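These are the structures in question, set out in turn.
One chain, chain A, appears in both complexes that follow, with chain B as partner in the first and chain C in the second.
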Partner chain A sequence: MFNAEVFQNPYLPQGAREVNAIMTITTSDSDGVAVAAPITNQRLFGIICDTSGSMGGAKMIAAKDAIVKIINLLPDDAAFFVVTGSSRAKLLVPLVNAVPENKMRAISQVKEISANGGTLMSTWLHTALGEFNKMPQAICQALLLTDGQNDLNDEHDLTRILDAAEGKFQCDCRGVGTDWRVGELQKIAAKLLGTTDIIPSPDRIAADFQEILTKAMGKTVSDVSLRLWTPVGAKILFCKQVSPEIVDVTSRAKVVSERIIEYPTGAWGSNESRDYHFCIQINAGNVGDEMLAGRASLITQTNGQETKITEAKILATWTEDEAKTAKIDRRVAHYTGQAELSQFIQEGLEAKAQGNIDVATVKLGKAVKIAHDSGNEATAKLLRSVVDVEDAAAGTVRIKRTVAKEDEMMLETRSTKTARIQK
Partner chain B sequence: MNCHECGGTIAVDDRFCEECGASLVAASNPSSLVQPLTVLVSNISCQKCGAPPAKIDAERYCIECGFRQAVISTDTIELQPAPNLAGASDRGRRHDRNEDAIALKFIADDIYIMVVCDGVSSSQHPELASRAAVTNCLEAIELALQQGIDDPAAVICQGVDAALQAVARIPIDPTSSIDPASTTIVAALVRANIATIGWLGDSRAYWIAPDKSIQLTQDDSWMRDAIESGMYTPEEAEASPYAHAIVRWLGADTADDGKPSIVTFAIPSAGYLLLCTDGLWNYAPDPGYLYHLFQQANDSHSLPIARHLIRFANQQGGQDNITVGILVIE
Partner chain C sequence: MYTCPKGHNSTEADFCSECGAKIMGLGIAQSTANSSQTTTRSVSIASSSSIQPCPDCSTPHEADSGNFCEICGYNFLTGAKGGDPLSNFPPPIKSVANLAATAPTQPPQPLPDATIPHVTALGCWQVTISIDPTLATPDSPTAPTQAPITIPLNNPTNLIGRTSQARAIHPEIPLDLDDAVSSRHAILTLHPDGALVLRDIGSSNGTMVNGKEIAIMSDISIASCDEITLGHWTRIKVTAV
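Now for the complex of A and B:
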């Protein structure tokens, strides 16, 4: 069951035009209640593993071991394939059902993997897309593991393959070690509706892979898009996923009709919860006017058929009552703060990288304060590996003299993770 | 809370009593400007943007402009911005919605603004035209007064011009053969016992007093033109099917002909200034008879008289929307 709820203060003072709303979408096991969305039973999981020269040694051994483990964990009714990649991609295990004999054969192939060559990720994704295209009705998900940065000459091809793969499969990206580029993997993951994270040491690969697989196999509803209707004259200033992590999806809007756009949200599992922040500029009304500033709905497509799963309204009411207009909705305030937190971290780390310690101290200090105030303990902990905190409530910090590169990368990749509002 | 009319239970935010339909706005907030408008969700265009009725969703939101349609009863709408200034607008008995509109404003003890409009039924969105006209006319007159414009005729012209611009802005359905949104207008500015009245169409102003009641405006109608031309006797003209056709109005199609006729009237004594639509005067065109009706009200206060006039027109058949605005001069 999908459930959508909007949190906002609909009251605007005279002349105001900006509406902010948080939409919380939750799914739950349907406890005997009819399931609102058509369930897709077919699941296809792609494993994409970097086998360039730099992967050799401990990383390759750990990666192979982790792949073997998740192949063993694949449910019998799923399908999978394995692509290994360096300067070229190799379809190591073509698409097969995850029945025991296929798994056995795949595992013996995985054990033969060796590392050498460069890194041209576009070729890996291209080969993976070919396999996903064989099962377009399935919930298509992949994980991509790399340890280095992509060949600079591959940028154009990578952009092209990402455009082609968008909407065809989702992909979680993982970087092992500290020689990969956060921005690069984030670009791939963002386009393919996946997550990005660092695996600081090879011995953690297996656990991380299992977590990804478990989440992937829990998806039951595919190709869900978030549709937003807005009235004449409205402008969507931004649309951000704000929980579990911040993803600005404003630019991913696709036009459905004159008043309707949609954002892809990928596949959903049960017991998931995501929050979105809409900021819409509308034509001002007169005091006393009520307006539907937006109608957000979740749509799933199965076999070319659209099903509306759930819907929520974003409203605006103009009033002269200042007691009503002055209040900011606490969820809107909370997530506005979480977005600032993420931004301060990015800017602080950038300043630090440029040697601008004063700016870095101020920015990261502000981040520490917001993390403290909003109860985002996970981010606060990551921040403490980069700064010494003197007074969290005041945001007084000192940049640590020596910071482990992996700690800094972890802070960078995970700074977008938000805390939910405290009850 | 309880309704001031019938004592029925009402909620704080109610604009009208659910029991008797009485306006609660005028009673609780006498200075507010209430715009008479009617909504039947099924067959009325968007109040804001004029989108066709099919664009109004079940919760009354327009799926074009997003604005929610106000639900206001089609029964009498009343307003009383000052003890001596009141108005009422009523759907009548035959029409399924009220296309008239009224706006009144008390500025100071001797300064009042009154505007009455009658949307032209044969035009697109007459109810929007009349509402846009009264609101914008009143605002523009106020603004002109604030700007210190001294000539009352110029003030009235500014008000009517603002009304015209607002009406002309109402979207036109180019596929429709019906005229663009149109309305009549009669607007009065009363300052230091001088009434300056401008009009287009056949909504009227009267001076009602014991010694001499008179009609202050001259209809822009086919009937009057016909009589004045000498080609028809008053009886012949009145019998013509064109008798009530108006020859001047406010609309996108009259943008170059929006200058109102103006009359200035020095208020001679105690009495009443009455602005009304043809929903009333069709049943009582004669000023002397109107005075008689005022007497019948048995109450010299503005709102009871307005109610009495509405009741009278409905008793006579209520063939059209009825709107009256009354200023009591003591």
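Now for the complex of A and C:
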């Protein structure tokens, strides 16, 4: 069961044009309630593992071990494949059903993996896409593990394959160690609707992989898109996913018709909850006017058939009552703050990397204050590994003289994770 | 099909699928009765004229700028003349139904000899903004030096305030240098008869006319050479040209 709710202050002062709203979408177990969306049973999980030279040693051993564990954990009714990649991709285990004998054969192949060569990620994704294309009806998800930077000459090919793979499969990216680049993996994950995270040491790979697999196998509805209707003359200033983490999806909009655009949201599992922040500019009405600034709906597509799962309305009412117009909705304020938090961290780390310690101190201090005020304990903890906090409530901090590279990368990758608003 | 107050065809019953306007009291039964006629009529209105003259005073009216004529207050929704006392208005639901029934056959004709004039006063007034450090209180920051600026009043309503990108406030009379001025501080309204009226719309620090504090949300007539002072040190002199 999908459920959508909109939180906003619909009251605008005379002449105001900007409407802000938070849409919360939750799925729940359908105990006895009719399921509104078609459920797909086919699940295809692709494992893409970096086997370039730098992976050799402890990382390769841990990665092989983790892949074996994942294969063992795959439910019998799922399908899977394994791609290993260096300067070129190798389809180590072509698409097979996850029945015991296939798993056994795959595991013996995984044990043979050795590391050498360069890093051309476009070839890995290309091979993976070929396998996913064999099961277009399935919920297609992949996991990409790497430890290094992509070859600079691969930039163009990577962009091309990402365009081709978009909408075909989702891909979570994990960087092991500290030699990979956050921005690079985030680019892949953002395009393929996945997450990015750091695995600071090889011994954590297995646990992290299990978590990803559990989440992936929990998905029951594929290809859900978020459709947004806006009135004549309206302009969508931005659309961001703000929970569980911040992803600016504004540029992912695809035009459906003159007034309607849609954003892909990928596959959904049960008991999932995501929040979206819409900021829409509309033509100003007169005091007393009430109008619809947006109609957001969730759509699934199966065999070319569209099903509308749920819908929510974003309203605008103009009034002279300042007591009404001055209020900012609690959720809008909270997530606006979380977006600022993430931005302050990015800017702070950037300033620190450039040696601009004064700016970094101010920015990270502001981040500490927001994390403290909004109860984002996870981010506050990560911040404490980079700065010494003197007064969290006032945002007074000092940059630590020595910071472990992995702590800084962890803060960078995880700064987009938001705290849910307390009920 | 539903028809919205602005004449669009809407596929949605609650809000217009074209412009988002709220649709009140129009049922399917009603619109199906003469649906074909309604459809063609409203399409022609929508496509031929997003600008429509006010039947009472002939002022061009943009379809998306609301239900009322900005000059005389003519109500495009109910057809009521501007300035009619409220008690003379028919109940709103009934009037929407009336409009739906009569509008397709008898669109209101503009009166050729409109008795209510345009705002001929536009451009006849100007304001001169100057910074007067003698107005500052001991707590005020140091007044910046800036030569007086003269702004002609070219709009019927002129917001006095401070520009805010975040809140999309772009005042006609921007006083960005004075941070004791509220973002939406006061409005200078030019009436059709040429009168100029000032209203403090709930500013934080108040407004003075010729040195006297004015009440919030009440209209004050402004004559030529009157001086409005506000904020830390801002002086606005109003002059008829």
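Just so it is clear, the second predicted complex is superposed on the first by the 423 of 423 C-alpha atoms of A that agree within 3 Å, B and C clash if a C-alpha of one lies under 4 Å from a C-alpha of the other, contacts with A are read in each partner's own complex, and residues count from 1 in each chain.
By definition in this document, contacts are C-beta pairs under 8 Å (C-beta built on N, C-alpha and C of every residue); 3 or more make two chains touch, one makes a residue touch a chain.
Everything numeric in this text was worked out from a predicted model, so none of it was measured.
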Fit-or-clash call for chain B and chain C when the two complexes are aligned on chain A: clash
Touching partner for A:179 - first (chain B), second (chain C), both, neither: neither
Dominant contact partner of chain A by residue count, chain C or chain B: C
Partner chain(s) touched by A:17 [first = chain B, second = chain C, both, neither]: second
Which superposed partner A:163 touches (first chain B, second chain C, both, neither): neither
Touched partner set for A:76, first chain B, second chain C, both or neither: neither
Chain B versus chain C as contact partner of A:5, first or second or both or neither: neither
Contacts of A:377 with chain B and chain C, given as first, second, both or neither: neither
Touched partner set for A:322, first chain B, second chain C, both or neither: second
Touched partner set for A:390, first chain B, second chain C, both or neither: neither
Candidates 135-143, 171-179 or 189-197 of chain C: the single one with C-alpha clashes against chain B: 189-197
Common ground on chain A, meaning residues reached by chain C in one complex and by chain B in the other: 229-234, 259, 282-283, 285, 289-293, 316
Residue ranges of chain B touching chain A (in the complex, touch as defined): 48-49, 61-68, 70
Chain A partner contacts - residues on chain C that touch it in the complex: 12, 14-22, 64-68, 159, 167-169, 184, 202
Of all residues in chain A, those that touch chain C in their complex: 13, 15-18, 229-234, 259, 281-283, 285-286, 289-293, 295, 313, 316, 322
Contact footprint of chain B on chain A as seen in their complex: 229-234, 259, 282-283, 285, 288-293, 316
